[in-house]
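Below you'll find the structures, each written out as structure tokens.
Common to both upcoming complexes is chain A, partnered first by chain B, then by chain C.
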Partner chain A sequence: MSLKYIDEYRDSDLAKMLVKKIQSVNCKDLRLMEVCGTHTMSIFKHGIRTILPKEITLLSGPGCPVCVTAQKDVDAFVEFARQNNVILTTFGDLIKVPGSGSSLAKEKAEGADVRIVYSVFDAVDIAKQNPDKEVVFCAVGFETTIPTLAATILSAREDGVKNFTIYSANKLTPPALAALMETKGVQIDGFILPGHVSVITGTNAYRGTFEKYNIPSVITGFEPIDILKAILILVQQNATGLPALVNAYPRAVSENGNLKAKTIMNQVFKLCDASWRGIGQIPTSGMELKKEFAAFDAAKKFNMDMPEVSEPAGCACGEILMGLKTPKACKLYKKKCTPMTPVGPCMVSSEGSCAAFYRYS
Partner chain B sequence: MTNDKILLDHGSGGKISHSMFSELILPVFNNPELAKQDDGAILMLGEEKLAFSTDSYVVDPIFFPGGNIGDLAINGTINDIAMCGATPRFISVGLIIEEGLPLADFKTILETMAKAARKAGVKIVTGDTKVVPRGKADKIFINTSGIGVIAPGVNVSGSNARPGDKIIVSGTIADHGIAVLGTREGLKFDSDIKTDSAPLNKMVQSIIDSSCGIHVLRDPTRGGLGTTLNEIAIQSNVGINILESSLPIRGAVRGTCELLGFDPLYIANEGKLIAFVPEKDAQDVLEIIRQDEFGKDAVILGEVTNKDPGRVFLKTLIGGSRIVDMLTGEQLPRIC
Partner chain C sequence: MCLAVPSKIIDINDTVATVDVDGVTRKTSILLLEDVKIGDYVIVHAGFAISKLDEKMALQTLEDLRNILSADSSQA
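Right, the complex of A and B next:
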């Protein structure tokens, strides 16, 4: 499993050259937002902030799936875990996110059957191996994971699996960008657009948002050279006053994206309104199961309808996700809220900006 | 700690394990030997200076590429004693067995333990067995304790790092954790990632027998290299700088970490040590380690500074800098 082409995108000479070019562009203070949590992590992991000119501020946006999950959805996961006869399956990050009263990690310690999976297909396997149990999967993710989820449901239907359901808290990226631009006080001079999501959606998915708000936007990959290149393009666009939507990740992203993945996604799911932590309800920013797949809908099967709840007092995750605050400006940061005792999800997820600040700076 | 129950995180070897030790365990058992927090206790019995250490093994699965829970349990305690600068001599073995464990597996594990002890030149001299009903343990858990002798004049401790020291790592990192994870999760590696479980006592003996100075020895097991460096930075009240470009990682291990989002700095090793040595002796110690059968890939990883005491910094490949914190949260449960 030796991955090729890692070192090429971490080349120190190339990095130095890009930083020099960024420095040479004459620009005012710039606030650039990396929308995706994987970008946030990569920026910290490679120390990118420490080599950029001080005029450039990088903000972490609403692109960490765990971070944008509404409190009521976390509460729903906890409720599922508490049901008799349920095996709750989830990706690892979610397990420590505090709900209103508990977390999946705490429920697990109390005896709930909570299992971490690496793929939703593993959850279906668990269902097949445990026909007497109900297996619920916490579906938290963006365009990147929704097609796989859809494919899993199609295959579970074909195999006649009756004891597997999902609770969908899936979200879409472009509507969140638009909502962000409409929010009072938000000040962003350019978007570093997600790489993985764009592999599925294609560049065109951002066309509408770009044309409406005319904001410099660059799709890029996750290696340091990719990110530095995107920053250079954004800085140049700001300097010339000529915003553009650029695909700087052509080795993975096309104009129209992965058509097959999109077809499967739209076969199983349909658009719905969704609650985002800190931002609130965003119209048509979520995906729910279509009627013909209702048998796979955990909320319907268990009649689970959690009330909207307010987020923990003092937690600034919402403002941080919108670039209105940095983690260090949150009064709970490093005091009440640490990775050992997280209050908000941005401190839990490996892609959360608070966790990244805590770990790496 | 705000939790009222033990969570898996408490066993991670990272930050929460440390706070469990310092807030819950140390205050109850408090004594100067325990408070030193080295890999083993250093004790005076008459004229004799001894190192005494214990460790329990709950790895899942019990068989994995390159080894099993048996040699892991023997090598682990041998290494903990060796990291005190001691020559390991005697080992005890406690076996907690789940009803239903196949006898053939049990025999294989015992034979592996005997072989590991022979290879390292230690004797298993006492032990205990308990069997619990099915479901009350998972196949087999093993505790090993050991005693070693520290030669006069040897003074190795996590609190001895000094500014200017060079930091040597004896080989590639993260092999063990990824080998176990791969087996457990059924990941089909297209390569031969194996545990690095190995006895390091002969390597340590060679360093001690040389005329080189040696300040700290530690094996970066659970919690990984990142956590261990933090422990030493705190114990010695020094800063540590390491270079990403010097980190020895096998391509396949690195690829797996990239793919699964793990940081190899926090993945367990079971046959590696880090040595803090005065700069003037660094090259000599590096050569001694490279001569050992388990030290061929040894490199100098970084150095100790008097800036930012208690913190570890990594210079990244692209020339940036970042903090390496202790592991927070459980990256991989039941890895050893």
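Right, the complex of A and C next:
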């Protein structure tokens, strides 16, 4: 069976034509940032870095949810796992991320009840099956994930589930892009904007950042044709000096995004400041539960207020997320830090820049 | 974390749909989507369908791209 919209978007003749076209555009050195971790994975998997002209450098931005999770939040997850009565539920990538003293994998090996789930809904099922336990979900995600949390909390409330909470370390994309643009030393000539975050937010969510910084920006999907097309548009915009905000993924993304998902998200969550690994606090870049949903807030229920802590010495994840360094420039890369013995989250997550470099080079 | 592959809805039971990706079926919540029906292609993220794929747009994008690229190569 052919996979709908997949084979067509992997057409190698079309890809070759796109590469040729990219090569034909006269451009100076360009630094393009793919913001989303899924783009990073796809770019490596399809060998896109190796077929681009050498003038084009691709940087992996702050769009891998595990990679941007602050150390203090990882410490909080470890603390939850240590509570007697708690079943800690999480997406898989998080469990190997080292906190200040331990990781979830280590706690699990020592007997903590840490369970990997595919969807936050599964966490609620676990809560229903274990009424005498407290089930906490580690919520690290972007605009794509936050509505799924909101929908789950609404249905948990309807079902009268009392032993399910989330610890919210959720993050929003546009404020992070603005923070990057404000950071000294950051030099980016164009953004490849995340496809599935944009499915929810719509093209309009980037309008403010785009207008303020006038930086070439293209929303695109995850197949080779999608990514090459975005690169071509960014290269052309740089060549003509006419930046634009372009939606190159119209089969999934609209101007205003998924209104139903946004409504549900805003019913349950409100804006808050958030700590990003290596970047620090970014105002209104996170989402926390509204007061009326406090019963689902693990931080409140368990009185968990973790202090800010410093990140592992020598780990350059923060600078890598901002495009200031590449993994190879990190002194620990491939030495002290490998996927088996990760020092920072960028080496843990399959979407992380260091892990991708390690795997494909 | 995102599954970028479009999934086809083959059954709907209240707020849960069964989707098929290349012969593998999976349950997916459709709480975040308006008017989904059997036969639609959706993008699934962490157990939730988050977007319907616009078939006309999908084909249009490819056609536009082909036209632009072949116009260039015939000029060259």
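Assume the second predicted complex is superposed on the first by the 358 of 361 C-alpha atoms of A that agree within 3 Å, B and C clash if a C-alpha of one lies under 4 Å from a C-alpha of the other, contacts with A are read in each partner's own complex, and residues count from 1 in each chain.
Just so it is clear, contacts are C-beta pairs under 8 Å (C-beta built on N, C-alpha and C of every residue); 3 or more make two chains touch, one makes a residue touch a chain.
Remember, predicted model here, so these are calculated numbers, not experimental data.
Within the superposed three-chain model, A:208 lies out of touch with both chain B and chain C [touch as defined at top]. A count of residues in chain A touched by chain B and by chain C gives the higher number to C. When the two complexes are overlaid on their common chain A, residue A:250 makes contact with chain C while staying clear of chain B. In the superposition on chain A, A:340 contacts chain B only, with no contact to chain C.
In the superposed model, A:91 lies in contact with chain C only, and not with chain B.
In the superposed model, A:131 lies in contact with neither chain B nor chain C. By the touch criterion defined above, A:196 lies against chain C but remains apart from chain B after alignment on the C-alpha atoms of chain A.
Once chain A of one complex is fitted onto chain A of the other, the partner contacts of A:361 are limited to chain B, with no touch recorded for chain C. Within the superposed three-chain model, A:280 lies out of touch with both chain B and chain C [touch as defined at top].
In the three-chain superposition model, chain A touches both chain B and chain C at residues 1, 3, 6, 118, 225.
Residue ranges on chain B touching chain A, taken from their complex, read 1-3, 5-9, 15-16, 19, 185, 189-191, 245, 251-252, 254-256, 258-261, 263, 314-323, 325, 328-329. Across the complex, chain A meets chain C through its residues 1, 3-6, 8-9, 14, 17-18, 20-21, 36-38, 42, 65, 91, 93, 118-122, 141, 144-145, 147-148, 151, 155, 195-196, 199-200, 221-223, 225, 229, 248, 250-253, 258-261, 264, 351. Within the complex formed with chain A, the residues of chain C that make contact are 1-2, 4-6, 8, 21-23, 29, 31-34, 41, 43, 45-48, 50-51, 53-55, 57-58, 60-62, 65-66, 69-70, 72-73. Residues 1-3, 6-7, 10-12, 15-16, 44-51, 96, 105-106, 108-110, 118, 224-225, 228, 338-341, 350, 358-361 of chain A touch chain B in their complex.
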